[in-house]
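Chain nomenclature is as follows: A, B, C and D, assigned in order of appearance, with residue numbering initiated at 1 for each chain independently.
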Amino acid sequence: MKQEIVPIHSLEFLSKEILELTFISEYLASTAKPGQFINIRVGDNFPLLRRPFSIFNVDENRVSIVFNVIGTGTKVLARKQKGETIDVLGPCGNDFLSFVDDSFDTAVFVAGGIGVAPFRFLTKKLYNNKQIVTFLGGRHKEQIIASGLQNIKIATDDGSQGFKGTVLDLIKDDFSKNMYKRPRFFLCGPTRMMKAVSEFATGIGADCCASMECDMACGIGLCQGCNIEMNGGDKKYRLVCKEGTIFETKNLKF
Amino acid sequence: MKQEIVPIHSLEFLSKEILELTFISEYLASTAKPGQFINIRVGDNFPLLRRPFSIFNVDENRVSIVFNVIGTGTKVLARKQKGETIDVLGPCGNDFLSFVDDSFDTAVFVAGGIGVAPFRFLTKKLYNNKQIVTFLGGRHKEQIIASGLQNIKIATDDGSQGFKGTVLDLIKDDFSKNMYKRPRFFLCGPTRMMKAVSEFATGIGADCCASMECDMACGIGLCQGCNIEMNGGDKKYRLVCKEGTIFETKNLKF
Amino acid sequence: MIESFKIGDVEFKNRILVASGTFGYGDEVPDLVDISKLGGVVTKSLSMKPRDGNPNPRITETASGMLNSIGLANIGVQKYISDKLPVLKKYDTKIVANIAASSVDEYCKVLELLDAQQRVHGFEINVSCPNVKEGGLSFGTDVKLVSLITKELRQRTRKPLIIKLTPNVTHISEFARACEAEGADAVSLINTVIGMAVNIHKRTPKIATTTGGLSGPAIKPIALAKVYETVNAVKIPVIGIGGIVSWEDAVEFFIVGASMVQIGTANFINPATGITVAEGVKKYCENNGFDDVGRLVRTLQTNKTISIVDSWL
Amino acid sequence: MIESFKIGDVEFKNRILVASGTFGYGDEVPDLVDISKLGGVVTKSLSMKPRDGNPNPRITETASGMLNSIGLANIGVQKYISDKLPVLKKYDTKIVANIAASSVDEYCKVLELLDAQQRVHGFEINVSCPNVKEGGLSFGTDVKLVSLITKELRQRTRKPLIIKLTPNVTHISEFARACEAEGADAVSLINTVIGMAVNIHKRTPKIATTTGGLSGPAIKPIALAKVYETVNAVKIPVIGIGGIVSWEDAVEFFIVGASMVQIGTANFINPATGITVAEGVKKYCENNGFDDVGRLVRTLQTNKTISIVDSWL
């Protein structure tokens, strides 16, 4: 883990709502693993705290994140220019590949909205012998970022792209039609969506892990601010930033 | 006085240190007078308070200020881009022309550093029948902005442009060589410089007014934060933002 | 949509006031703000005699806040009555006269003079003033003195009497209870928080009086917590003040339990903040099915499973 | 350039510590920070038994600050001794164990266990904990209890004993005096300021415990004023805490009179803040002709012409 001031390589709209910010970091490009996040100081003074972002892509010495502008931090980020620098700290958290063992054949990726972020990188790095099926959900089509993914199935609330309905509806529909060999679910997105999909996965006897979101002050285990309640086990809480962000959903008290 | 969100027309370096920010405002262009200032909200959240800037130039519907990057507010300003907007409130304060009466023949402008700001606009608007002589002081040549001024005499601390020494030394030297008819002094710059020049002016029996600087919270008379001590008179203090910024220096308890 | 609110017999057209010391006497910014759209204007603190106030520098900016020590510079109550009140006649808003004094007697005298003025609709008492008798200790940190002041003033006016509390005490609710017991119509809080800043080049305080009062967004969390403590202790209305710059901030105060709010420091940045706050609060209520802003007051849902004993920071 | 400072018999290599609860137990970030460059590490508050801490959400950002209510989640003193202390052996810095408890007895027991450990160089006592006997009222707001705790603990250790004071009281200097009288070696201040924030969409508090502790740049002016009040009241060293993110901030505290400083919230943004602060302070002293950081302490020049009675805000 390192704190670095890195130059911005580009800032581009992937859709009307979603931006990709690419910066140059040999270090992160060579160490980051799918599912990990970096913690960005978006401004000098404002906002005060760093903002965590999943690693979206790694290409040579370039690393990128995707985000939509929702609040103070992303507003500042969206105004960055090529050539400016940003202060990044990472890679943080555990990663999908070290987290799961080999006991599955189909990787079922389920992303809600900007929760798509880790799956492109994960698709690239996943063991070659695995099948992938990717379910993307969003409110409308401007929230769907499909590049670099495999075997994509899309659901939007308003039907502007793909299936009209929730991503869970789409998954149910799809699983009623298709057979996937030894599926394992990988979730990232709003907690409520992950809870629902996790119940479905458990229902069909599939393993299910999720990258959990949570307000973070430090992202590196110093503040104890990012606790998540466990479902039994030795500890009542675990730290999302350090002991996660990826957990088996069965261990979580959603 | 109005509060407006105005588009930025340009942001340019006038020297290595000094920037000119030009924005478009019909209202300010038609109402602002030399010596007045505008109060700029440089960022949405940070810094909290507006920053006051003298009006540097007015050209058709364009108004500009000059500044050097010294702290939090000017750092944010320096990163603005053409096409962005800023929130300006003004015009504030009194102005040189309404302040002085006609009882002088030579206007002696004395500027220290960025204190040059009001003199370009004042030069443009000063009664035609007046002589102007302009003394500019700065630490070095990158602090000297001479455009639009008349009969310019320059002093720099390091001698990188003009006379080597303080602007007061230059004035003394110059006044020992030249005769100015009924001079009246107009000062803008660091308080210490203004105090010294004001003493010189009083010494030669000339009227002397100065645009005073002071930390301001509101710039419009609401906070009472910008008091300046008077030298006798009915009130102990006056408000720089509203009852100034221009005062006869003889009325001030420097 | 009902926006109005009554304290005693006085009906304020909405629940948004501008705070003392941050809006002059109400006549400073007629071209920037239509003050008839405000629930009311609280005046700069008025004392018996005019006060010059403190030396410069009186203000300095801090992280998301500012320090001030104006020293209650004001024109004095007599000049206020003769010069300012007549000008305010043309505005359709309520005038709350804020009073500062250095003795209980002075509070009473200033209030009596103002109580005779029809154009003064109510009073806010600034108890964060140094008590000359006690060598300058603030009235506002002594619950007995706050009681006494409330009692004395209550006997002298039937107009709304609001006591403005200082946050610089251990338990602000004690003070609110004392005010309620002595018949205050409402309490307002918070006044500024004692703070300080240093110029490291000169090694001097950044304001002449060394310490001053902190205000602005930095103190909003403190103000909300003090309002929360107070609304759980008294039945009289609580007026929330501290760091409000947007309608969202005001909504936070209403949810916690403030019946009205005041806008202070934000007026220095946008003098019309009070108006945009009033509009925003109204729209929020509309969007959330409240037909009276009053219904929003004290709608906070807390996590009941957490006991005080457990709530270690 | 002398950077070191002694409390009791313990010499800290410089005057910069990292604050309790903001740096874990010291072993969390070895690859990001060379903690041997810090004057010392104050541990997360340790209690007798392990504590799970409060439910989520525990933190939220505010204007230039943050609120937290971690609930003193910690591994308990025994596990600290068995698992953490051995790891810390390899670092050349001082370890100050911060202790939290819900009874005077628990404070004593935790201290006794730690006092026996050579690797623990001193103690900081967090008195901002709820006193179970008194229904959860904080020890830190009752000067008799703070006296009692100091007295009891003083009898049990010869190592530096630092009492960490809460700012949520009317006169913090009273508490500092009580600590001094009972033999504390130093006081540290401030702990967090009580604050609150509201989610206006859900109409719930933004942290689970409703109120929490405010920290960060927003509170720096408050902390400086409390330090100023305290250094004028006691002779023992005062350790300044609150909103320090840069060396300039630390210099402000030294000028006001703090003998050491602690970095809290800033560690979350830049875990190496303590090191850059130490370097910056050193350079400032060099540039300003101080050959010992100690010479900078309490160099504040105030405006002597302003009396307290005159200093109305």
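Things worth noting here:
The rule we apply is simple: a contact is a pair of C-beta atoms (placed from the backbone, for glycine too) under 8 Å apart; a residue touches a chain by one contact, two chains touch by 3 or more.
Computed from a prediction, not measured in an experiment: that's the story for all the values here.
Chain geometry summary: the mean Cα position of chain B and that of chain D are 46 Å apart. As a whole-number value, the distance joining the C-alpha centres of chain A and chain B reads 53 Å.
Work out the mean CA point of chain B and of chain C, and you get 36 Å between them. Annotation for chain C: residues touching 2 or more other chains are 55, 63-65, 68, 70, 216-217. Chain A has residues 45-46 in contact with two or more other chains. Taken as a contact graph, the chains are arranged in a single closed ring, with each chain touching exactly two others. Screening every pair of chains for touch gives A-B, A-D, B-C, C-D. Interface of chain D with chain A (complex): residues 21-24, 28-29, 31-32, 44, 52-53, 55-61, 64-66, 68, 70, 73, 216-217, 265, 267-272. Here chain A touches chain B in the complex through residues 43-46, 72, 75, going by the rule given at the top. Considering their complex, residues 1-3, 41, 45-50, 89, 214-218, 220-229, 235-237 of chain A touch chain D. Against chain C, the residues of chain D that register as touching in their complex are 51, 54-55, 62-65, 67-72, 100, 102, 128-130, 132, 135-136, 141, 168-171, 191-198, 200, 202-205, 208-214, 216-222, 224-225, 228, 243, 248, 251-252, 255-256, 284, 299-303, 305-313.
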